[in-house]
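Sharing a structure with you now.
Per-chain residue numbering starts at 1, and chain names A, B and C are given in the order in which the chains are listed.
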Amino acid sequence: MVHHDQFTICTHGHGDMTDLTERVAEIVEDSGMLNGIVNVFNVGSTGAVGSVEYEPGLMRDLPEHLDKIFPPSRDYHHEQAWHDGNGHSHLQSTMLSTSYTCPVRDGKLLLGKWQQIFHLECDVKSRQRPIVVTVIGE
Amino acid sequence: MVHHDQFTICTHGHGDMTDLTERVAEIVEDSGMLNGIVNVFNVGSTGAVGSVEYEPGLMRDLPEHLDKIFPPSRDYHHEQAWHDGNGHSHLQSTMLSTSYTCPVRDGKLLLGKWQQIFHLECDVKSRQRPIVVTVIGE
Amino acid sequence: MVHHDQFTICTHGHGDMTDLTERVAEIVEDSGMLNGIVNVFNVGSTGAVGSVEYEPGLMRDLPEHLDKIFPPSRDYHHEQAWHDGNGHSHLQSTMLSTSYTCPVRDGKLLLGKWQQIFHLECDVKSRQRPIVVTVIGE
């Protein structure tokens, strides 16, 4: 009824994207569950997960446009807490979300043909990111 | 424990909104489940789902303001992949999300009185959109 | 398999943030469930929930920057419906989301050390906000 697993990705700093789809699909298969949902979760407050057509153009467009909305800067109030220049990273992560839930049908992840599950590193440096995957179903 | 269903909506191009609440509520009733959650999922990477007070003003405000954040343009890197002028559609969909989860209580969808579940077409043309609904509970 | 509970927070108007983590963690403990997910839900269309490093700087940065993206104004089409000056509140809520889902492991909420579950009041006045929490697991 509940199957959980996790894996770690090594990101290469601000704006680095990773396609999580295949690893999440494997965990869904390992779970033996036929129908339900799967939740994909970024542990930490400066990374994000969601869905996108995973292709080279959008891998540049998404972080570039997030930087227009929440620009890298030392002017965030958050800077007073840590002085590490990642205020924009936090806002980008919160805006996109650290949690994404997708249906499971007939033992497979249900996504569109050009719809993948991504991770976006919003922080300003390389990070080891635990990705927690929870399959709920039957 | 798991009930799934889906239906298709026909959208009328960029910025078209659809109120999904009644159809999702019917699927929750059909499921016979009294308590749990329901996940509503847009299959594809250029549509979005979420919650909004579904009234004519916000049906214009939401797409208009998304177009200010991610304006229609041929300047997205995504344009190199498909040359179909929908780079902004992808970013709008990713930003809002393609997945929305809502509680089920006493056999009913739990929402505020002025809170509905919407679909927003972010793509530049009419689309047939499969909406996948998964009820998990007891 | 399903445990649900709710509590009410009293918010102090536009931009007021509340840390929900401890109360959600208590409900997870009360549920007796060891593994699964927990959904946190804002009833209503002018509040939001999500994850953030809950510290004083970001508590100012998040609402300030949302007000740059969707500024307080009487120019929203929504104003025609209610004339209550909260068009931006609706858009901010829809953009962030009214629903957040987090994993449960070994009977505990699984979050990063500097990752908390927040509520953000986007409306222009104080509100009583029901927060609905649903634990699904085993």
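FYI, a residue touches a chain if its C-beta (ideal position, glycine included) is under 8 Å from a C-beta of that chain, and two chains touch if they have at least 3 such contacts.
What you are looking at is a predicted structure, and each value in this text was computed from that prediction instead of being measured.
Superposing chain A on chain B by their CA atoms means rotating through 120 degrees, a value rounded to the nearest 5. Where chain A touches chain C, the two copies mostly use different residue numbers: shared numbers make up under half of all numbers in play.
Chain A and chain C have centres, each the mean of its CA atoms, that are 19 Å apart.
Of all residues in chain B, those that touch two or more other chains are 1, 69, 95, 97, 101, 136. On chain A, the positions that touch chain C within their shared complex are 1-2, 4, 39, 41, 43-45, 69-70, 76-81, 87, 90-91, 93-95, 97-99, 101, 132, 134, 136.
Touching chain B in their complex are the following residues of chain A: 1, 35-37, 50-53, 55-58, 60-62, 64-65, 69, 95-97, 100-103, 105, 110-112, 114-116, 136-138.
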